[in-house]
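To keep things simple, chains are lettered A, B, C, D, E, F and G as they appear, and every chain counts its residues starting from 1.
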Amino acid sequence: MPKKYLPLADNVVVKPGEQEEVSKGGIFLPDTAKERPKEGKVLAVGPGRVGDDGKKVPMELKVGDMVVYRSYAGMELKDGDEELLILRESEVLAKVTD
Amino acid sequence: MPKKYLPLADNVVVKPGEQEEVSKGGIFLPDTAKERPKEGKVLAVGPGRVGDDGKKVPMELKVGDMVVYRSYAGMELKDGDEELLILRESEVLAKVTD
Amino acid sequence: MPKKYLPLADNVVVKPGEQEEVSKGGIFLPDTAKERPKEGKVLAVGPGRVGDDGKKVPMELKVGDMVVYRSYAGMELKDGDEELLILRESEVLAKVTD
Amino acid sequence: MPKKYLPLADNVVVKPGEQEEVSKGGIFLPDTAKERPKEGKVLAVGPGRVGDDGKKVPMELKVGDMVVYRSYAGMELKDGDEELLILRESEVLAKVTD
Amino acid sequence: MPKKYLPLADNVVVKPGEQEEVSKGGIFLPDTAKERPKEGKVLAVGPGRVGDDGKKVPMELKVGDMVVYRSYAGMELKDGDEELLILRESEVLAKVTD
Amino acid sequence: MPKKYLPLADNVVVKPGEQEEVSKGGIFLPDTAKERPKEGKVLAVGPGRVGDDGKKVPMELKVGDMVVYRSYAGMELKDGDEELLILRESEVLAKVTD
Amino acid sequence: MPKKYLPLADNVVVKPGEQEEVSKGGIFLPDTAKERPKEGKVLAVGPGRVGDDGKKVPMELKVGDMVVYRSYAGMELKDGDEELLILRESEVLAKVTD
């Protein structure tokens, strides 16, 4: 049976998507040295960090959101054969819709 | 169909403009070592970061603004063939009008 | 008789679990350079750190929780023959259930 | 037609003045290794940064002020043939009057 | 006559205990590179640091507490022949009872 | 005509005094590696920085004060033939009276 | 006539005491690499720093206190033939009584 992760604070658990590093017509040609965010799906969301005023800051993300996140962010969790990522919401840049 | 990005917090999505690195009469002659901001157009704007008082700080930018932003700022997003940039509003320096 | 630790502030005492570094079918093949959190069981929980508003921030963890925590976090405590770890709650990423 | 810059937050646009690096009687003789601020004229002023209390901090500078600013501060903006500088008000040290 | 130290702010004076670096059955075999906290007894406690709200944050420790503290923390005080340590309460990790 | 500097925020303009690096009886013998503050006279004082509560923090210094300041602090301003220094009030350590 | 220093903010002026680096029975044998605080007497005390709430934080020290302070802290002031030290109250660790 797979494990279930309940993130603390403002952590979120993300299942990384298949990353397309190669473009349709051939070889991938990076044209800059900038970091490229990665895509994934939100599987679990923490209750939010406690702000300076002592109250929980509400999370912007919810389970099921497709997101892009900083490529170097987070740590890997193993759930059976599945590789998950746990990272802070502040390392998630945007929600994505097709 | 192109993807749509909904930035979190104080992130904005910018479409970089054509950068004119060459002057009209010939070769580009940089006269200092200072960073040169780049121009672009705002495509999407986050809801604002949460301030120390627990309230959202309103964004100064809106969709359609032409802006200059720090040249090393942000990360690249790919939207079909289009190269976009996601960066924080604090890395945008000014709005530009012709 | 074993010692008993009463953590200060937002410290927690964790008993590290058996770490499975080898997969079922054979050799462990790490596919990334990302940090891998470790699992353990919470044995003791501090009263919480004092926030900027002068009040204690309540702890999210309680004794008995199974958790994953940053692998480089914490310091080792020796309790007889037992090796324990003391770390801050902010270094704990998630609670785990099977 | 020249571009017009509307700075965000606490940014200001400055037109750098002619810097006199050579003294009247001959060669410039620097007597210390300290940074030397530069002079310029304020062309545009942002609305002010948002303080910790969620309110805009009023700007001290206004358009037309002659100022000295940290010599390594800011980034260059090009406005036609003109070289401008964009920097934060906190990098401006003083107003100057003759 | 021995000196008496009255710590300022959130400092505490600790008398380091005898550190058992060797295990019962023989040579000490460290199994990790993690820092190992040390044990000691609290001899004096400061009045507490002043928090962001201008009020003193009450100390958790009191004279006589047995504690574990970060091994690299603090500075040495000499009180006659006795070697004491002065460190911040935040460098003390837990109280210990046998 | 000499320039007049009106410092912003918590900046102050100081006229450095004659530094006596040589003692009366002979060669200067530094006995430590510690930084030695320098003396000067306050010529102009800013209105004060804006604190976290959105209010100006009153300045402790006023024009005419003799002060000692961190020797590596500040930047040089040229006012005709005169070399002045601009630095933050927090880099001034004490007022001096003979 | 000796100079008089009036410290700003939370600075204090200390007259360093005679440091006993040699123990009674012979050579000084340092047994650790930890920093050893030094002793001195408080000669002057600033009015206190301004806290985040815009109010002055009262000083814990007063003129005449014997103190131990971080050995690397502070800067040297010369008052005639006398070597004084100016440092922040937070670099003073404890008051000392014999």
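Following the convention adopted for this analysis, a residue touches a chain if its C-beta (ideal position, glycine included) is under 8 Å from a C-beta of that chain, and two chains touch if they have at least 3 such contacts.
Computed from a prediction, not measured in an experiment: that's the story for all the values here.
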Distance in touch steps, counted as few as possible, from chain D out to chain E: 3
Chain centre separation in whole Å, for chain E relative to chain C (CA means): 22
Intercentroid distance (Cα basis), chain D paired with chain A, Å: 40
Centre-to-centre distance between chain D and chain C (centres being mean Cα positions), rounded to whole Å: 50
Touching two or more other chains - residue numbers and ranges from chain G: 52-53
Ring topology as an ordered chain list, initiated at chain A and continued via chain C: A, C, E, G, F, D, B
Chain D residues touching chain B - in the complex, by the definition given at the top: 1, 3-9, 11, 13, 44, 46-47, 50, 52-54, 74-78, 83, 85-86
Interfacial residue positions of chain A with respect to chain B in the complex: 31-32, 34-37, 51-53, 55, 57, 60-61, 68, 70-71, 89-90, 92-98
